[in-house]
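Take a look at these structures.
Heads up, the next two complexes both have subunit A, just with different partners, subunit B and then subunit C.
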Partner chain A sequence: MKKILLACLIAGTAQAAEIPIEGTVQSRCLINTDVAGVYGNPNAYTLTTTPADGGVLPIVRYDVSLADAYKARITYPTAFSASPSLSDMVTWTGSVTVSEVSAVGMADYQTDSITYDQTREYDLTATGTTWFQVASTATYGGGGNKAFPGGTYRSVVVAECIAQ
Partner chain B sequence: MMSKVSASKLLALLAAYSAASYSSDYTYGYTPNVAAGGTNWNMSSTVLGVDPVPGLDISGVLYRYTAVKERQDPFVVSIQNEDAINGGFVFREQDDWSGRSGATINKLVPLPYTPIERWGDGSIETTGVGSVVDPAVVYTYRFKPPEPQLSDLPALPAYNALYDDAVINATAETDRDLYEDDEVEKDKDEEEEKDMEKALAALQSGLEMAKGQNALLQAMNPVTMTQYYATTIPGGTYQETVILDGGQIKDNKRAFRSMANDRLHTKMVQEQYQ
Partner chain C sequence: MYRAIVLFLLAFPALGHEMTPTYPKFKPSHVEGVFKAELEMFNKRKDVEFYEIGVFDADWNPVQFVSRYKVMRLDYLSHVRFDIYVSAMDVPVAEYVCSVSKLRENSDKKPMIATRICSKFKP
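Right, the complex of A and B next:
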């Protein structure tokens, strides 16, 4: 009996165990593209998402289920992701605005946002859904109104949800 | 007026909301924009697009509008429906924009299933300084046709068995004469049958007796040919029916040879006894 107990003690001192701990964090900030943008071509040297010029404004939706935890950071394009070969300079302009909200508490998101370079940043202080609208305009020729070469042009809006 | 883009957004929100609650017993749907004609509306079939009949339950309200106001101004927007049964409001959602910038709000308000009977007139009311632009209100609903009640069934004429032809025929007094006639006929048939059997038996015995008498007469007159002479053989003249094709018959030489051999053989056999 003593031998058995001793063996157990010896074995106990020699063993080691690694106990895993796992956890899953579900994002409480979801980003979804509600409307993909389209460039209109009102003249030879301009591509724009302005609806009056034949464009479609892209709309991105943020669904937040935890208030005061995230920031929405949205950057309008400053380059084409796909285009014909361009030998001249492209001038980029754009804007990001709150188009719709699902709660009155989001009404001041636009007023309270900050902007730098081509990026606008919003504090997501309320739970619910916020729709952001992005405008983008590209002008070719560096002010010289040079015609864009024919082809397909694509650009990308970057939308991020950043934990505070 | 509600734009197409805003309507599609409302419906997208609706689809996400209602997809999880489908059941085969119910029909689910949504109304058109009931605020298309203004900020006051009734819950008639022309506005809702469905008949407001029992079995129709409202399950949610989606609304969208743009609040136009200065940030510092007080402004409250109420979207509501009167309670047609209990008084007050069956649904009321208030957005207090006071001290906030104006914006476009797109909101879904889920509700417990509420019978359409309770839903009175709807409206968008505002208090304070500001205005509502491009309002859109859509109700989501489910509908299950109510089970037919006994009182809903159409009145049927009362059944009176006294006028039922089948009952009248079944309960009519039985005509005994029909049975008696049948019995008389039956008796007659049986008697005729017995008479026929008797006649056949008499005939049979007569034939037997005749046979016996003939045998006796034959025994008494052993040579009598009378009955053979009296017998007529059926038939008559048998005409030739075979027609010779061509009119000539050739000699069968093989048969001749065979017959010559036979005669020679017979001659040789006969010579043994000479």
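Right, the complex of A and C next:
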């Protein structure tokens, strides 16, 4: 009886020891929206994500697990995706900057980046995490400093990760 | 300790969009003259439920393709595996397959960031 019990225990132990845990690591790019931006309204005719003016800068995080495989393309907005009816012109400005990096090899990302129109493009040459912050300012009235009508204003930053 | 972890998670909510593989390959499908590529997507964005798929050539012109859904619903923290089908004629010109987050105009979460991930076809 004791022998049978011992045999069962050994068999049970052997089975438990053979339960496999598998996983695969694939090359990938993960875009995280760490901070969704908010427009501050420092005066009647300006909406801005500048923190000093009550705004919040959107922050996008790129996690890349394969070097030299992806480009990051980030575009700041040039239109509202939602707003009250606007009869006058809105002037848009913006910028994209690297705010933080996780590896020494990413130190030159900002200087090595290229910019065209409202887009800044980065070669993601190292593995790890890079944080980008996007500034956006909208001024109403085409230089005439006209007050924005009351309501909710929303615009969209486009963050892309393109395999190369 | 647990409180610290919870506070950390609340302070840095996971809001991500991921598509793999980086370099999908076409292989023959069950239909003659049609090739398919297998992809996988993971939604870690709580503020996004729908993603649109597109196939493009090297100049970012759209390439015709078929998939079960071109706009697919993907709940928060869900994975989806999907196939795209391209005719043999279009296989040489198909360069990128992209997924882009669809933002709701009337969302009370007020998203300000649209994400787009593109994989590149390799022969």
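The working rule: the second predicted complex is superposed on the first by the 137 of 164 C-alpha atoms of A that agree within 3 Å, B and C clash if a C-alpha of one lies under 4 Å from a C-alpha of the other, contacts with A are read in each partner's own complex, and residues count from 1 in each chain.
As a convention for this text, a residue touches a chain if its C-beta (ideal position, glycine included) is under 8 Å from a C-beta of that chain, and two chains touch if they have at least 3 such contacts.
Note that the structure is predicted; figures quoted are calculated from it, not measured.
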Which partner does A:A69 reach: the first (subunit B), the second (subunit C), both, or neither?
second
Mind working out whether A:D34 is in touch with subunit B, subunit C, both or neither, as first, second, both or neither?
both
Is A:C161 contacted by the first partner subunit B, the second partner subunit C, both or neither?
second
Applying the document's definition of touch, where does A:W131 land relative to subunit B and subunit C: first, second, both, or neither?
first
Between subunit B and subunit C, which makes contact with more of the residues in subunit A?
C
Applying the touch criterion given at the start, work out whether A:S99 contacts subunit B, subunit C, both or neither, answering first, second, both or neither.
first
Is A:T115 touching anything from subunit B or subunit C once the two structures are fitted on A? First, second, both or neither.
neither
Can A:A107 be said to touch subunit B (first), subunit C (second), both, or neither?
first
For subunit A, which residues belong to both interfaces, subunit B and subunit C?
34
Touching residues on subunit A, where the partner in the complex is subunit B
34-35, 98-104, 106-108, 110-111, 129, 131
Name, in rising order, each residue of subunit C that touches subunit A in their complex.
12, 14-23, 44-45, 47, 96, 103, 105-106, 109-120
In the complex formed with subunit C, which residues of subunit A make contact?
26-34, 36-38, 58, 60-61, 63, 66, 69-70, 81-82, 152, 154-164
For a test of understanding, state which residues of subunit B touch subunit A in their complex under the given definition.
5, 9, 12, 64, 67, 71, 95-97, 100-108
